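Quick one: the structure is below, and I'll ask about it shortly.
Per-chain residue numbering starts at 1, and chain names A, B, C and D are given in the order in which the chains are listed.
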Amino acid sequence: MTPILEVQGVTKAFGGVIANDNISLTVPKGSIVGLMGPNGSGKTTLFNSIVGYHPVDRGSITFEGREISRLRVPEIARLGLLRTFQQTRIYGMMSCLENMQISVPDTRDGLRTMFSKVPPAVTQQAEGLLEFVGLYAKRHLRAGELSFGQRKLLELAMALMHEPKLLLLDEPTAGINPVLINSLIDRLKRINADLGVTLFVIEHNIRVIMKLAEHVYCLTHGQLLADGPPDEIQTDQRVIDAYLGA
Amino acid sequence: MAKVVKTRAWAVLGAVALVLAVGGPASPKVEGDTIILGAAVSLTGKYSTNGKNTQDGYELGVKRINEMGGVRVGGKYYKIKVIYYDDESTPARGAQLAERLINQDGVKFMLGPYSSGLTKAIAPVTEKYRIPMVEGNGADRALFTQGYKYMFAVLSTSDQYLREAMNLAAEQAQKQGKDPKTLKVAMAFENDPFSMDVRDGVLEDVKRLGMKIVIDDKLPPEINDMAATLTKVKAVKPDILVVSGHARGATMAVRQVSDMKVDVPMLAVTHCDSAKVAETLGKAAEYALCASQWDRSLSYKDRWFGMAEEYAKVFEKEFRYDPPYQAAESTAALLVFVDAFERAGSFDIEKVREAIAATDLMTFYGPVKFDATGKNIAKPMVLYQVQDGKYKVVAPTKWAAAKLIHPIPPWSKR
Amino acid sequence: MTDTTRNVLLYALIGLTGLLAPSLAPAFRIQMALLWMMILFALTWDLGGGQMGYNSFGNVLFFGIGCYAPAVVQRELFFAVEGQPQATGDLATISPAFNYFNGFALGLTLAVIIAVAVAAGLGSGILGLRGQYFAICTLGVGVAAGEIASGWDYIGAGSGMVAPIFPGHPSQAALFFYYLFFVLAVICFFTLKRLYASRFGLAINAIRDDEDKAEAMGVHTTRYKAIAWCVSAFFLALAGGAFGHLNNFIDREVAFPGITFGVWMVLMAILGGKGTLWGPVIGATIFHVTQELFWTYLLGWQRVALGVLIVVIVVFFPLGIMGWLREQWPEKFGETVDLEARAAPVSLGEGR
Amino acid sequence: MLFFLLMVDNLSLLFNAPILSAQLLVDGILIGAIFALVAYGMALVWGVMDIINIAQGEFVMLGGYVTFFLAAAGVHPLYTVPAAAAALYILGWALYRTVVFRVVDKDMFISILATFGISIVLQQLANELFEADVRTAESGLGSLFFADGLIVVSQIKVVAFICALVLGATLFLFLKHSRLGRAIRATAQNARAARIMGVNTDRVFATTFALNAAICGAAGSLVVMTWLVHPYLGLAYTLRAFMIVTVAGLGNMASVILASLGLGAAENFAGFVLGTEYQAAFVFSLLVAILVWRNALLSRQRKYLK
């Protein structure tokens, strides 16, 4: 499988604290890759580096063979690499439907499209995706009124609206009603299989990541500790020690 | 969305209806036996000190005239009333209020606002409605180059405020055997229409007398500190420092010249009497030259108030402060109207305008006679010098009550 | 009646009122003209402040450019021809009348070009700032522009400029400017209505709600922000041009009234409800009328009353009238949940 | 053209007589000390309560009037500084209890407008009650001469400067060591946490706001002794305090003071070289330039001013 994302030797420090130390990893096209590690191990920092939230100190990041470590957030997003946030971010004062409508990719934004009304096809697509995450009935509600879990789902739907090639999900199941988690995992798999979106997922919940990912990277103290298929990682003593704080 | 449009639209409609309902019906210029005049004055904002002087001046005139029976027009006696609005010292508001006085209140005769800037904003309005306006506080010469036919000013134009001081400086130089051409002039003027015209007047004299300008600072209207300018003054040691900036400029200049011990042979300022520099700043104000339109010691006289001194006394009794010239010229503006009504014998606007244009009147404030552009050409300015805490007229020589002290002794010798 | 017919009727009613108002109350023409100007102020401020979340205190900059440009054009074009006395570069009247209008139109065009260019130029630097830094920076720009204008001799510096007087009877002038402002406000309203219904509207709302998210979603935020500011500049320049000619006298205080018009546009938008289309219109109307009443009946104390009013507005109605209505009756604003979903627990649907 | 000639003249004047620079600098720094007081109060309120107080300048103005009226009643103006501070402390407290507490947790923009409304009310009330006359209070102190009388410093400015420093230092010590001061600092860092830890944040807010008003009142007292006071004086101080705090950032007293002194000096030099008409334009353009420049620097790290 060809890699869609390649991270090579990425180092990022904040002041004296090294958050990511010489990290290299690969996300193959069409796969679901997991990223795990205890709190403060540098997972979100790595995500931020990938999507251009801050410049990296060293190393290279390529997306579909193109160097993106010097690009800025919106430019990277327009290439088809999108992320969701750990602390969910949606447009609170806009309705769910509007949240979806504005999430259409902004790549061909000529003056015409800027000032044209939202095409019915887009609305239809948005409604379909809202249905997909179970928010269709609330499409006219202000997004700010949704519960945390619902926002999470809305954010996922918004990302899908963008038709990304690679989607970075930061703890997609955190705050979701446990009853729904299985069905969400199922949904994510369908996104991967049916829509052809490569997923790169930060996840705390080991149970989830074992079910979801084909390959897992584990970070600790800003360094790459281990990687491999989920069942291998699950039994890796170093990983267990890291989680237990040994 | 669509449903709410209705509520919103009704709200807008209701509000529009309210706009239409605001204010009473337009009232006529003369109600029964009362003549109604209108004025926008600065009751708040940066000109409100002088704005109040202006209003007090009008009010004293109104009171006096009404007490003495009123104005006799066509064999009938009329009382006078003035409608005031507060222009907040802003030209845009002034212009709107003039429109309002004319359109809504039906005023047909206007009294001027305070300051050249406000007059500049209001004059185009009165002019386009052909409403006569007599003003006593807009001295900028640019007012008289517009071809205005309905605006008349009882005061001397602002270029003349400090001319007398420039002449004095030249005279004194000659007395000391110096060529006036060697004199260095430092100027600090507030950046507003009035002071800019004072500046133009000084510039003309500087040119005429061949002096040299070494400092030309324009003080922003909100300035509270002129240390930068005065530092420059100390460096270049001019022979004359001229400052104009309404009441605040006068206080600031006099105070900081003394604080920074700036030695200049001559310091000439406008507005010191309304700023009460001699009273509030004491010794710091000594020897400052002050330009004034009028002084209570002058020997002008009219039938309403008598001598200038008597006017001052009545004013003091009524308002509990010494009348600055801004009040006197405002009263004079009203007297011009009264005189014109009586001579016109009617309230016909054109007749009144013609009567005003033909004014040749002596008032407690001085002679009033307008040229074709509407400015008073009959009355000279006076120049005070603060001596022993009093404003003493030192020029023109005709009214001089004291001798000019020149040059000002340096601070080290005071 | 359907909603659409109702809407059409109501727009027609407002339009008709607007058209007939000057004949119904001829004495109030100028005040009503200024009412439309206030509406325009509130609408253009709300475009940035309400819809986009960029609270600007410096929009008077464009108004000021608009004030000066036509007056300068008139002076340069017709001043010498008419041989007006050359005092401080002032002029009084222009004849024949069509010169006045030609000069005016040319001046307005120039004003718009300059204002939009300035907005685009400054925008690239300033719009990168966020929150209070943007507000302070625009305040700085507004103040600095006023100060520069009052030092610049070419535009009269501290002495100001006199714009030419309208050729014709003053009541015609009032009528002319009334309709000018009316038309401007109406065009502005419908332009914004159309803009808010487009992708542009969604984008600037997204920027307001979470600019980082919008960037993360690849929205061309800078482009949208700059365009929004240019649209504001466009209408404000026109309003400024009209106001300068209506007022006849222009100086720093008229053209850059930061602490009056500059703050009022914010207040009016907030009073009506920022971030809504009708809010600024309602807010401006109520504010203007109240203010006129204060001026008439509270001589000398009107500013105190205004200050109290401001405090009351922002403390008790921070959401504004429209915001308050929306809180009370969200359904009226289209915020509905399908009935069957209300009771049911959250579930993931099947997708289409 | 004339403008540029005069500007070049002014510049060469500065080069030929460096002593002038010293005078400008000294004057500027002494002015800056007053700005520092006002700005520090603003930073305090901003940092602790997340409110930008636009009525800052009006507090200064009212402090000036307290001194003016007491001086007119025969009290030596120097002794009125504490009185002005006390009077404004009460006013600040009252304003907090009536209006400001309602906007504490709201959007910052709301607080800007609410305090703007307060500033209009105070300013206009002063106009109605005290009249618009320009007033001063004479301290009766003389001037100091340096370098053969080429540098003159009026003693009242020095007194003001010292007062500003003493006040600033006292405040610093108060915040650092007193119980209430610690509560204020805790609230500034995290109001919710402080509340949970048993800090009465409402009282802290009230004290902070009143304290700020008192500082401004003292500053106003110094202003009327040094320059003058009138009802419309406030805006100049508010705008400058605003600038200083934005440029210097919150929470760092040293940088606020440095920025204030720098601004005072910059204004004086700008007034000297460009002429006073461009003094304010220069200062505000500088503000815009500094903000845009700082933001541009940050944007290289893909950040922005927060």
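Criterion: a residue touches a chain if its C-beta (ideal position, glycine included) is under 8 Å from a C-beta of that chain, and two chains touch if they have at least 3 such contacts.
Model, not experiment: these values are computed from the prediction.
Visitor: From the C-alpha centres, identify the chain that is farthest from chain C.
Guide: The most distant chain relative to chain C turns out to be A.
Visitor: Whole-Å distance, chain C centre to chain D centre, using C-alpha means?
Guide: That pair's centroid distance is 32 Å.
Visitor: How many angstrom lie between the centres of chain A and chain B, each centre taken as the mean Cα position?
Guide: 72
Visitor: Averaging over Cα atoms per chain, report the distance between chain B and chain C in Å.
Guide: For chain B versus chain C, the centre distance works out to 35 Å.
Visitor: What parts of chain B, by residue number, touch at least two of the other chains?
Guide: Counting only residues that touch two or more other chains, chain B contributes 44, 191, 218, 220.
Visitor: List, in ascending order, every residue of chain A touching at least 2 other chains.
Guide: 53, 72-73
Visitor: By residue number and range, which residues of chain D touch two or more other chains?
Guide: Where chain D meets two or more other chains at a single residue, that happens at 124, 127, 235, 275, 277, 280.
Visitor: Give the pairs of chains that touch; include all such pairs.
Guide: Chain pairs that touch: A-C, A-D, B-C, B-D, C-D.
Visitor: Which residues, counting only chain A, touch chain D once they are in their complex?
Guide: It comes out as residues 52-55, 72-73.
Visitor: Show which residues of chain C lie in contact with chain A when the two form their complex.
Guide: 194-195, 197-200, 202-203, 205-206, 208-210, 212-221, 223-224, 227, 275, 330, 334-338, 340-342, 346-352
Visitor: Would you mind writing out the residues of chain D in touch with chain A in their complex?
Guide: So the residues of chain D in touch with chain A come to 300-303.
Visitor: Where on chain C is chain B touching in the complex?
Guide: It is residues 3-4, 6-7, 10-11, 13-14, 17-18, 21, 24-32, 34-35, 84-88, 90, 92-93, 147, 150-151, 157-160, 162, 165-166, 170, 173-174, 243, 247-249, 251-254, 257, 260, 278, 281-282, 285-286, 288-289, 292-293, 295-296, 299-300, 302-303, 321-322, 325, 332-334 of chain C that touch chain B.
Visitor: Name, in rising order, each residue of chain D that touches chain C in their complex.
Guide: Spelled out, the residues of chain D in touch with chain C are 52, 99, 102-103, 106-110, 112-114, 116-125, 127-128, 235, 239, 242-243, 246, 275, 277-278, 280-281, 284-285, 287-288, 291-292, 295-296, 299, 304-306.
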